[in-house]
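Letters are used for the chains, namely A, B, C and D, taken in the order the chains are written, and counting of residues starts over at 1 for each.
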Amino acid sequence: MSMRGKGPLFAEPDCDAARQWFRDKPKQMSDKVMSVEEAVRRFVADGDYLASGGFGGDRIATALLHEIVRQQRQGLSFAGHTATHDFQLLCAGNDTGRGQLLKRVDVAYIVGLEARGLSPHARRVVESGQVELCEWTNYTLALRFQAASMGVPFLPVRGFAGTDTFKYSAAARVTCPYTNQELTVVPALWPDVAVIHVHEADRFGNCRIRGTSVSDWHLARAAKKLIVSCERLISNDDIRRDPTATAIPFYCVDAVCHVPCGSYPGNMPYEYFSDEEHLREWLTIEKDFDAYLAFIDRLIFSTTNFEEYLERCGGAARMAELRKQELEPR
Amino acid sequence: MICAAASALEDGAMVVVGTGAPCAAAMLAQKTTAPNLTLMFEAGGVGPRLPRMPISVGDSRTFYEGLMATSMSDIMETCQRGIVDYTFLGGAQIDAYGNLNSTMIGDDFQHPKVRLPGSGGASDLGSLCWRVLVITPHDRRRFVEKLDFVTTPGYLDGPGAREAAGLPPGSGPYKVITSLAVLGFNDTTKRMQIESLHPGVTVEQVQAETEFELGCCSPLGVTAEPTTEQLEILRREVDPHGYIIGR
Amino acid sequence: MSMRGKGPLFAEPDCDAARQWFRDKPKQMSDKVMSVEEAVRRFVADGDYLASGGFGGDRIATALLHEIVRQQRQGLSFAGHTATHDFQLLCAGNDTGRGQLLKRVDVAYIVGLEARGLSPHARRVVESGQVELCEWTNYTLALRFQAASMGVPFLPVRGFAGTDTFKYSAAARVTCPYTNQELTVVPALWPDVAVIHVHEADRFGNCRIRGTSVSDWHLARAAKKLIVSCERLISNDDIRRDPTATAIPFYCVDAVCHVPCGSYPGNMPYEYFSDEEHLREWLTIEKDFDAYLAFIDRLIFSTTNFEEYLERCGGAARMAELRKQELEPR
Amino acid sequence: MICAAASALEDGAMVVVGTGAPCAAAMLAQKTTAPNLTLMFEAGGVGPRLPRMPISVGDSRTFYEGLMATSMSDIMETCQRGIVDYTFLGGAQIDAYGNLNSTMIGDDFQHPKVRLPGSGGASDLGSLCWRVLVITPHDRRRFVEKLDFVTTPGYLDGPGAREAAGLPPGSGPYKVITSLAVLGFNDTTKRMQIESLHPGVTVEQVQAETEFELGCCSPLGVTAEPTTEQLEILRREVDPHGYIIGR
């Protein structure tokens, strides 16, 4: 078997360079609350490697992703671990007359929205060949974040081998010095910037997450810059009342944005369910390119912020309905 | 399909399931023959009391009144260290060795005819769980001689290949439950073979819908018809809105 | 530099053998509540590799450790990651006329009780050469549990190199296929049995821990057999009310023992502080070997269970005082 | 010692501390020059409002009203990826390159004269944090030419040795604060040198209590005397029971 997949590395697994970055990052407990517009303007640069928290359509940082599209960032790399609505959103920056937002994608799962079907526009973007791809799996991509959060250049895995997924990845093989087994290893991935939506955060960036954390514990620690959006801004005293509940500490965080309903139309556990009607609307409208352009113009480019988007999607009444679906699922 | 899949799961086992038919099968098994079956979902949900079918393997129903809401890594590591008995997978194509394609259709990786979502957790789960169950419609476009892309390893190119690639010994595809039959894998050749035909289906029919040559178990069984109780539970409790069984 | 430390491996880092074990382990949600006596009798065998949770004198499974000593297990291997009072306790099974409880120890920290000083009897046991040692550090030992919990034979680390600690360890070196750096790797460690004290558990073994988890998240998953003791036995419905709080799932657990004050004389966060007077008594009495023999006879060997030990240490009144120290530390 | 150590910590830094003098120094710094100093403890405590000195680096005071109570791995990984500026270490022996011994005294590993606790987290923290601070009494038994056992790496055997061993470039021993002087390390030779003498102490005295040859900074400073305010805070707030400063 080949010792190395032939896929490209979109970020160098250089743990010493990452250490230099983290050494120089300011670590005092300063007030990091700012608007979504300011956070994206200051912390997401053209050409950055971007990663997004949650699970595609569950606890996603929709407001921050909208703003990245609205500010028309160019030439981003992206980590597509079960990326569903988040990937679909970012594709609104490609082939829609505003340059090319996505340039390189590490893929575990893109284009699809799980059982809901495939996104026609995401297919257009990916099948055209304009985006360079490297293949991974959900676990190996999570493991790449984990390696970065640990500060080591690689981590081993038992799976992944023998497949075309391996062949089109940038994974490699290492011999175990104890068992002489050959093992697959994956390179650490330090995203330039990550966006994560959480339940609660204080002004300094100490965060709590309820329900599954997916890869966000490691992603938050791996990201060189981290923007957090939260359902509720809580006091530092509240954080200190239950330090066991802190999932992300302040020293990982660069910006805190208070965005109630910030995961909409995605599910936010214990808060609101996903808006399946709205997600179906996306998939339907994307089939008709002109209708799609008008749709994203109305919902993203012609809105000035996420609150306007929520209003155009049904506002408080719709959110109340989704809250009911979440809290009374039977 | 769902009833046949449910009967593959014994009580007290652990299974990582996706949404749709696999989840329906696992829920049905829980409500009938395997009340002590533990469901896990790759995004981190463990042991929920599913109030209804999840829409995403990461949505909040996957840990509704659950035993644990944890990380994706925890689930995958639990598979990797050998705790998890079963996983359910699907795919656009499957070959004689149970290898699966869910990445692309076409022969040029940079310009696919159809880009599919990719592995997601499938390649991980298919590598790391002990036994892989596949649920899929049965037709020649899906049951192919050669995959356009090997996303998830089955028995790769035959006996010993999984082990040679470094995948855990003793793991691999277990059963393929289709619209026509229940298939397994020959212990020696690791190739797919028919274990039982659904009522009214013939071997010829199954072979006609399959590009590669199928073996047959002897004696060849007949898949048990869904019982009234199973159908009742499916319709009333598992999928009252007909998301799965309506289709 | 040498590619491999010369220390002995006390357990093989064979992930396939571990997989076989975990495959055959019963996984149904059965009632696992039993007495400490029964749990130790059934799940701790002579010659086992034992690991103990918590941090030496904080959230330790004292009742289970007492019982292992009382039942006079022989020839155990032990993982000494900041092992303080736990190690001191196990040493009561060596050189006290009851055979040899400890035979091999992977050392990160033993013999000492942090700022409290060194244990004279533990020094007797270790300095005599009767216990075979292999050197590690707190992090590398934690990493060995982590490798086991992940199901891989090794994990890499940046530190540890260039020292005698490395030379007397069983760590090895691997070249990173991406950076060509040489990295230290440590072998996975699957203990035969682990004992962990938690705040709350249900009858099936779903557990919650408050405060620092030290290495217990990984240790619980790495252990082939796991005995949990808990301050409070709670209902399965309680566990299901907050699945985010579950740190250890039932399928890792073999036995659940309900032992209020089970970490005494160690600290139990949010419950009771460590009994510093009692710990000082241990250190003082150990200097006089005959007094020490009488002391462990009175407190461990002549008691039938942990409740009697608590009674002999001041009972409910003492526990109330320690509870006050914990909850009102100022 | 404690006041000198406190002044080495700038505001806004992160420091992993142990119990005893290092913790007192960090608390003093927090209450004077570095209110925005984040304390971390290796067992998992982050950012506590310390109600009093912890007895164990794992006890509940290390996360009393803390920002996070996490795992030992999280703390160590945070050090490993380069976030943590400082750590405080001690040891039974230290050599000219700042290597530390906390494992054993004697020359036979299996039969030591004195078995000490071992590395604990010291070797990890001394490898992975950017700057290592050592607080120790100063005498010839401690400041030795050759360690009986190298537990924690300083600059090993000189310039470039840490990097050659694979330790993170740019990290290493920073200051050694003793009962006699504050010492640092020569940028070129990586050997220990006196930076400032405590009031009334001479170079000859320090050298007499040190087996290896010490360098001297030029000009040589005099360690600032503890201010009345510092002593007041130490006695009243940091260590009211005199656990540390009484000794």
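The rule is simple: contacts are C-beta pairs under 8 Å (C-beta built on N, C-alpha and C of every residue); 3 or more make two chains touch, one makes a residue touch a chain.
Source: prediction; values computed, not measured.
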{"item": "Mutual neighbours - chains that touch chain A and chain B alike", "value": "C"}
{"item": "Most remote chain, CA-based centroid, reference being chain B", "value": "D"}
{"item": "C-D or B-C - the one linked by more C-beta pairs in contact", "value": "C-D"}
{"item": "Centre-to-centre distance between chain D and chain A (centres being mean Cα positions), rounded to whole Å", "value": "40"}
{"item": "Geometric centre distance via CA averages, chain D-chain C, whole Å", "value": "28"}
{"item": "Computed distance of Cα centres, chain D from chain B, in Å", "value": "56"}
{"item": "Numbers and ranges of chain A residues touching at least 2 other chains", "value": "15, 151-152, 157-158, 173, 181, 183, 210-211, 243-244"}
{"item": "Residue list for chain D, restricted to those that touch at least two other chains", "value": "45, 63, 69-70, 80, 128, 168"}
{"item": "Chain contact graph, described as a line, ring, star, complete graph or other shape", "value": "other"}
{"item": "Chain pairs that touch, as defined at the top of this document", "value": "A-B, A-C, A-D, B-C, C-D"}
{"item": "Chain C residues within the chain A interface of the complex", "value": "3-4, 9, 12-15, 151-158, 172-174, 176-179, 181, 183, 185, 187, 209-211, 243-244"}
{"item": "Chain A contact footprint on chain B (complex, rising order)", "value": "19-20, 42-45, 51-52, 55-64, 69-73, 76, 80, 99, 103, 109-124, 126-128, 147, 149-153, 156, 161-162, 164-168"}
{"item": "Chain C residues touching chain D - in the complex, by the definition given at the top", "value": "1, 54-59, 80, 82, 84, 107-112, 114-116, 118, 123, 126-129, 133, 135-140, 142-143, 146, 157-165, 168, 173, 181-184, 210-218, 267, 269-270, 273-274, 276, 326, 329-330"}
{"item": "Chain B partner contacts - residues on chain C that touch it in the complex", "value": "15-16, 18-23, 25-29, 148-152, 206, 221, 239-241, 243-244, 246, 249-251"}
{"item": "Of chain B, residues touching chain C in the complex", "value": "11-14, 36, 38, 45-47, 49, 63, 65-70, 77-83, 85, 128, 130, 168-170"}
